[in-house]
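In structure tokens below, several structures.
Two complexes follow with chain A in common, the first pairing it with chain B and the second with chain C.
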Partner chain A sequence: MSYSDTFAYWRYRLVPDHMLGELLSKRWIDNAIPLLVLIFVVSLFGSLIPDFFGSANVTNLSRQWGEFGLIVLGLMIVMVAGGIDLSVGSTFALGNIVALTLLNVAELPMPVVVAATLAVGATVGLVNGVLVGFLRLRAFLTTLVTLIIVRAIVDMLLLKYSVRIAAAFPDSDAWYYLGEGFLLGIPFSAFAAGVVAIVAHLVLSRSRMGWHVLATGGSRRSAHNVGIPVRRVICSTYVISGMLAALAGVLFASRLGGAGADTGIGLEIAALTGAVLGGNSLGGGRGSAAKALIGSISVMIIVNSLLRLGVTSGANSLLLGILLLAAVAIDVRWLKNLNKVLSKVYVSPAFAALPKAPGTDPSSPYAINDKLGGVELIGLGEIDGPEDVILDADDNIYAGNRTGDIIRFFAPDYTRHEVYAHVGGRPLGMAFAKDGSLLVCIGGMGLYRVTQERDIEKLTDETNRSWVSIIDDSRLRLADDLDIAPDGRVFFSEATVRYEMHEWPVDGLESRGNGRIVCYDPSSRTTRTVLKNLKFPNGICMTHDGESFLFAETWACTVSRYWFAGAKKGTVETILPELPGYPDNINRASDGTFWLALVGIRTPSLDLALKMPGFRRRMARRIAPDEWLYPNINTGCVVRFTETGEVLDVMWDRAGDNHPMITSMREHKGHLYIGGILNNRIGKLKLDGADESWTGPESYWGKP
Partner chain B sequence: MGYLGRPTQEKIVFALAAALCIGFALFLPGFLTANNLLNLVRSVSILGVLGVAMALVVIGRGIDLSLVATMAISVGLTMQLLATGLPLAEAVAIGILFSLLVGAVNGFLIAYVEIPAIFATLAMGTLIYGFGKYFLFQLDVLYLPDAHRYLLWLGQGYVLGVPVPIIVFAAVCLLAHLFLTFTRPGWYLRAVGDNLAAARIAGVPARPIIVTQYMISSLIGFVAGMVTAASVASMNTRIANSTYVYDVILVVVLGGIGLSGGRGSVRNVIVGTLLIGVLLNGMTIMDVQYTLQNVIKSVILLSAIVIDTFLNPRDEQTAQQGDI
Partner chain C sequence: MIAAVARLTDKIFGRGEAAVTVPPLDGALRPNQMLDEAGKRFALADVDCLSVADGKLLASAGDTVFALDGRGKWKQRLQAEGQISCICTAGRGRLAVALANGEILIDGERLGGARINCPIALAEAGGVLYVASGSATNAPDDWQRDLLERNASGSLWRIDVASGKAEQIASGLAWPAGLAIDGNSIVVSEAWKHRLVRYDLANPGKPDVLYHDLPGYPGRISRAATGWWLAVFAPRSQLVEFVLREPVYRKRMLDEVEPAFWVSPKLRSGSSFYEPLQGGGVKHLGVVKPWAPAMSAGLSVRLDEAFQPVASLQSRADGSTHGVTSVLEHDGQVYVAARGDGVVVRLPTSAGGRDR
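After this line comes the complex of A and B, so read on.
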């Protein structure tokens, strides 16, 4: 290797480029910036204010946060549904004065006071909800107006009752407990906000009601069209917000016991700042209780600490304004650009030098011929993309179809066919188990079994999650080919964990070891990953010793052997280190050797590009995907080889008429049946000198 | 009814104002005097000027909630500079520059950063008020220095028996009307408000137009602020925190300028101002409590928005995503 190649090798081996894209594709990445802001705020004021982390300050802060957090949670729920509630500040003040009036002037017991105040808050919310939800007014202006009206009502109540409120001292421990008590060592208000946050989280993420709210905010039109009662959902979010604001007012009333003209003034700005700073999107569809918590704590700490530092109220509103603007700006840009950035950085090519490709000149074992020129065509135009073909003991052909079916062609002439089973996903590799049921890898779904009674059962669709992986690699995205060990264990390949099935060529562009081989054990019904970091593992075939299997790595252009039992258990040995093309399925031949399909032949340009990850990355970022350099999959061949890596025979379709690309082939009673994932036919080729009685199932499970 | 055509909101509001006028004239002693009527118009002319500023922005499918705060702080700045002995021209120029700057920042945030107008200006209002309080002023109220008492003419003087604020209102109305009707930026403004995407495809420089519309509204706001300051010889910056800006929106929406942009003209502002003027004047004569006045105004604004919603309906199929 040259110096620059060595450098590129280590550069792309040591720097995990792919993690950036994987990080950005996580849902929780939305919370990253808000969380950083929170950490910054805490550390900034923690260092500026002496005794910031002292218990007195923490208790005080968390008690005030409880009230504020309730308001932000309510606002978050409204925002998630695509609305906004500016009246929370006034509703908070209304809750405060109503609670005090009922308690001090009307002298009602505490539970009645709380219930009545909540009802008042709900009423304000209902007014908002009816106006915005049912009459479809603009949420912003409507709640601004209710803000003014409720504020005016508060002013009138103040005028009437403030003196009598100030004069009375309610004799109720239960009442003071709301504002001054502790529950499990946590101030009551913070406890209440925490409980509400957990409930809100569970409802939003796990219940039908919450999904309706999220769907409405995500796209009101679509939600309406699928039959969600959009108006009622929106209305109810305002009711909840009104109630939570009133509850915060009650807690505030109990804590301070006084009603002033400036209670709750400007609170809507602070609450809005908190909600948006946490990452809840204006316009809906994106938001969570966690975001509301993060944002509200940040704002709470900022406002409170500035007061403690003796900064005037002017600076406070200046800072809140700047914060709100910055938060909205980040939110808008983030939403607009995240997917754009993601699509640019997700593809992260690795250094993948391939050995020199063997030639196809007459002296080479891969010399070009036209042996596939005379294949007989089965199901021409009637089948779409048979990735794998397999034959049963009665000579019927089974092949996957793009429509999510397994098609059966009836022996002996294969002119009739039926849908053997509708599996619902793209059937890829297939194998017959000992009991005659058909095991099939379905792309995007996992490993399935079709019994002889045609019942379709899922065997597995997930494996153990690896600890260091950022993306969730427990789900099977692209189960590709399988084979069954004599003890019944199923070994199957998963081609890539980073891409969906239809993006498999992009994985080739990346040529990182994204694939793995997974083992499903039917006796314990467990699934475990056996081999990791393989470059698009594809075909799998059991050797005859019952202790190992052969597997092909498509983008590495190799075939290797893995021992899962016996003396060499756990070792991998590459037996075909340099292939002229991209290997696909491997199957047994009648004479103890193996068949291998090459889906396409390597090209010098892509081989060169594989040593230049930077070039491929620029390509992925700058030009449209349909102009990228992809592996060639237009010319393939069938190879017969031995366990020791000796190539015995190669069959080409020189004209490219019948089988330009080949993904699988099966030998059966002296014939070879050929399939291709982009073909519209199955090829049948008479093999000279092959055992006319040999069948695959017999080779595996003996004569029935 | 035939020759009146379709009952638009403008006509309804005008009829309502007329009806209120007649009602007050019949039942409120002292309403229908020349003095009171002049007073009536004068008292709402500042509101009207601000209404024109807001109307221009709303026609461009925006909203400017920082209008009053910008007005208070920029005029307050001018007052303070005058008090330090700066000549009138320089003090006014700095005030105007400041308000233009705020307008430009607003426009930048809305047009280029693509923050919804309502949020950008709401946050901007808070920010500007805080900025003024923290960096510029020690006191909430800034008085007009005695050396510049001639400025009072702007708020309290008369030309040919007509109070100057009314003349200012009329002049601003006329200029705004000419701007919207006869100038290219005026047409662009309406096009951007009607359909931003279409205007952009047609080659309208949409973003610069949006920035311009906020700068114009800030400028008109400064004019209104100077008249306000002149009529009471001071500028109370606390007005930035009040609900005054919603009165301005009330005028605009009542007059029949749809909040979805592209529709309306200066005439709508005049009609809306008249109704509010009559209403406020009547309530003041009847001695209605201030907070109750607020409630009444708010309820009227709410009904105006409801009517706006029914005249320009938005439902699940036509509503734009994220349009709050």
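After this line comes the complex of A and C, so read on.
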């Protein structure tokens, strides 16, 4: 290897470029900037203010945060549903004065006071909710008006009761516990906010109610169209917001015990800043309890620390306003650019040097010829993309097509056909089980079974999630080919976990080991990943010893053997280490050897590009996929080889008229049947000297 | 300084100079299949340059010049001692022939002692022969290497036919593949810069750009009844433009890969499965799409008197008339030589459209 190749090898081996794209594709990455802001705020004020991390300051801050956090959580829920609630500050003040009045003037017990105050908050929320949700008024204007009205009510109550409130001293430990007590060493208000946050998180992310809220915020019209009661959902978010604001008011009342005209003034701006700074989108549909927590803590620390540093309150508000503007701007830019950046960085090619390709000149075992020139054509123009073909005991042909059907061509002349089963997805590899049912790998869906009664059953569509994977690799994206072991276990390949079926060229461009081989055990109905990090594993075929199978790795241009039982259990041995092209399906031949389809031939220009990941990455970014350098899948061939890796025969279609690309071939009673995933015909070729009674199912399961 | 920084950021983000853009085939260049649909096709392997002498169509192929007889058969007219790179009439029925080795012959006689490296285009007016040298380092058939090396080392020469004295008019040209005398000026097609430029013959200084950003590599120019014919010998493609901006890959490809399998424009592509394949070129249901990106195509453009495109004759990715190296109007018919497919096709002049 040259110096530059060695450098590229280590560079792309040591730096996991693909992880950046996977990180950006996670939904929780939205929290990245808010979290950075929080860390910055904590470290800035932690260093500016002496004793910032002291227990007194932390307790004091967290107690205040508990109240503020509840308000932000309520506002977050409203915002997620696509609305806004400006009345939270007034409702907070109302909660404060109502709680104090009920306690000090009416002298009600603590639980009743709390319940009644929450009811008052809920009532304010209900007014908002009915106006905005059911009467469809503008949220901004409506809650602005309620802000003023509720503030007026607070002022009236103040005028009437403030003297009597100030004069009374309630003798209730339970009441003071709310504002001054600790639960598990945490100030009660912070504990309450924490509990509410956890509940909000679970409801939003795991419950039908939460999904309704998110869906409504994401697209109100679509949510309405799928039958979500949009108006009720919106109304209920305001009720929750009002209740949480009132609860914060109760906690505040218990802590300070006094009612003033300035209680809750400007609180809505602080709460809004907290919610937006945390990354909750003003447009709705995006938000979480975690975001509300992060944002509210940041704002709480900023406001309090500025006070302690002696910054005047005007400057404080100014700063909050600037912060709100900045947060909105960042949110808009993030939303706009995240997918753009993601689409640019997700594709991350690897260094994938291939061994020197064997030639196709007359001296090579792969010498080009025209043996496929004499194929008979089946279903020309009637079938769209038979990736795999298989024949049953009655000589009928089964083949998948692009529109998600399994087509059956009737023996003996194959001029008639029917839709044997409509499975959806993209039927790829097929195999007959012992009971005569047809097992199919379906791209985009998983492993399925079509019984002889034509019932379609899902066998599996997920496997165990690997711990180190950032993207969720438990779902099967591209189940490709399968074979069945004598004990009934099904081994199947999944070509890639990073891309969808139609994106296979991008996986080829990456040429990283994104694929795996998975085992489905019908006895326990479990699915486990057997082999990982394979380069587009494709064809799978059981050997005759009952302990191992052969598998092809398309982008690595190799065929390997894996032992799943016996003395060599768990070992992998590459038996065809260098192929002139890209291997696809493998199937048994009648004489104990194996057939291998080469879907395309390696080109020197692409082989060179495989050693230059940066070149491929730029190519993916700068030119259209139709213009990309592809593996040459316009020419393929069929190879017959032995378990020991000896190539016995090669069959080409030199002109490429009938079989430009070959993805599968199946021997049956002295003939070879050939399929291609982008072809519109099945080829049938007479094999000289082949056993004319041999069939695939008998080779696996014996004579019926 | 700022320009250097801008170039660097452009390179990283693929903007400006580093952006891969190829003009679409539109307007006068709207895709059509007229070359494939032409009624008459005269096969001639490796046909390259067309000319007319004694009322007969001449075509060079390899080391031979053929004449087309009345029954549509090629008759040998002249055989040279080496590969012929271009031919042109040199007045009074005489024929000028340039060989790939740099010799210039007039009716078989060597012209003076002049030897122009890589002569790829000829034009004659008033006893003066104009010769375009494609490159200072590469031979005519190494045009792909010259493109991939991003050379601009071609030059333009004036040779007095009577005395054989040669004089350089212009230099630093990026593969001047076609010449046309237009009054007191000469129009040159600069292939690697995808443009036509005009030099004033009396005062050849800075050229005027007549037609720029062609979607292909312009080659030979010839006179039409009104206006001009331009042969575009290969299409530009995004992939090639991208490779041209990738110096490391380009250098390794030139060193390590056989020329026939390079990522580069060709006169005929798809003849081997070792050639690069692009995504859109994958056969679906046994068919190559006509819009498939390809390294070769057939394209000849009819220009008006001001060298602006009026109409075009084309053969698309799935066509069989690729690599148009020469177009000639003769006897009220248009002859198009497609070197990639070794064929000369004949169409009525009306196929070329009218001046606007």
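We adopt the following convention: the second predicted complex is superposed on the first by the 657 of 704 C-alpha atoms of A that agree within 3 Å, B and C clash if a C-alpha of one lies under 4 Å from a C-alpha of the other, contacts with A are read in each partner's own complex, and residues count from 1 in each chain.
Throughout what follows, a contact is a pair of C-beta atoms (placed from the backbone, for glycine too) under 8 Å apart; a residue touches a chain by one contact, two chains touch by 3 or more.
Since we're looking at a predicted model, the values are computed, not measured.
Student: Kindly say whether there is room for both chain B and chain C on chain A in the superposition, answering fit or clash.
Tutor: fit
Student: Is A:G260 touching the first partner chain B, the second partner chain C, both, or neither of them?
Tutor: neither
Student: Determine, for the superposed model, which of the two partners chain B and chain C contacts more residues of chain A.
Tutor: Looking at chain A, the partner in contact with more of its residues is B.
Student: Applying the document's definition of touch, where does A:P486 land relative to chain B and chain C: first, second, both, or neither?
Tutor: Once the two structures are laid over each other on A, A:P486 reaches no partner at all.
Student: Name the contact category of A:Y630: first (chain B only), second (chain C only), both, or neither.
Tutor: After superposition on chain A, A:Y630 lies in contact with chain C alone.
Student: With the two complexes superposed on chain A, say which partner A:P111 touches: chain B (first), chain C (second), both, or neither.
Tutor: neither
Student: May I ask you to decide whether A:G54 touches chain B, chain C, both, or neither, giving the answer as first, second, both or neither?
Tutor: Neither partner.
Student: Contacts for A:G83 in the overlay, against chain B (first) and chain C (second): which applies, first, second, both or neither?
Tutor: In the superposition, A:G83 touches chain B alone.
Student: How far apart, in Å, are the nearest Cα atoms of chain B and chain C after the overlay?
Tutor: Taking the overlay as described at the top, chain B lies 21 Å from chain C at its nearest C-alpha.
Student: Jot down the residues of chain A that show up as touching in both complexes, chain B in one and chain C in the other.
Tutor: none
Student: Along chain B, where are the residues that touch chain A in the complex?
Tutor: Touch list, chain B to chain A: 109, 113-116, 118-120, 122-134, 241, 243, 246, 249, 259, 289, 291-292, 294-295, 297-299, 301-302, 305-306, 309, 313-317, 319, 321-324.
Student: Which stretch or stretches of chain A touch chain C in the complex?
Tutor: Touching chain C: residues 4, 381, 384, 505, 600-601, 603-606, 608-609, 612, 615, 618-619, 621-635, 656-658, 660-661, 678-681 of chain A.
Student: Give every residue of chain A touching chain B within the complex, in rising order.
Tutor: Touching chain B from chain A are residues 82-84, 131, 135-142, 144-146, 148-149, 151-153, 155-156, 159, 219-221, 223-225, 230, 265-266, 269, 282-284, 312-322, 324-325, 328-329, 332-333, 336.
Student: What part of chain C is in contact with chain A in the complex they form?
Tutor: Per the stated touch rule, the residues are 14, 18-20, 237-239, 242, 246, 248-249, 252-253, 256-258, 261-263, 273-286, 288, 292-293.
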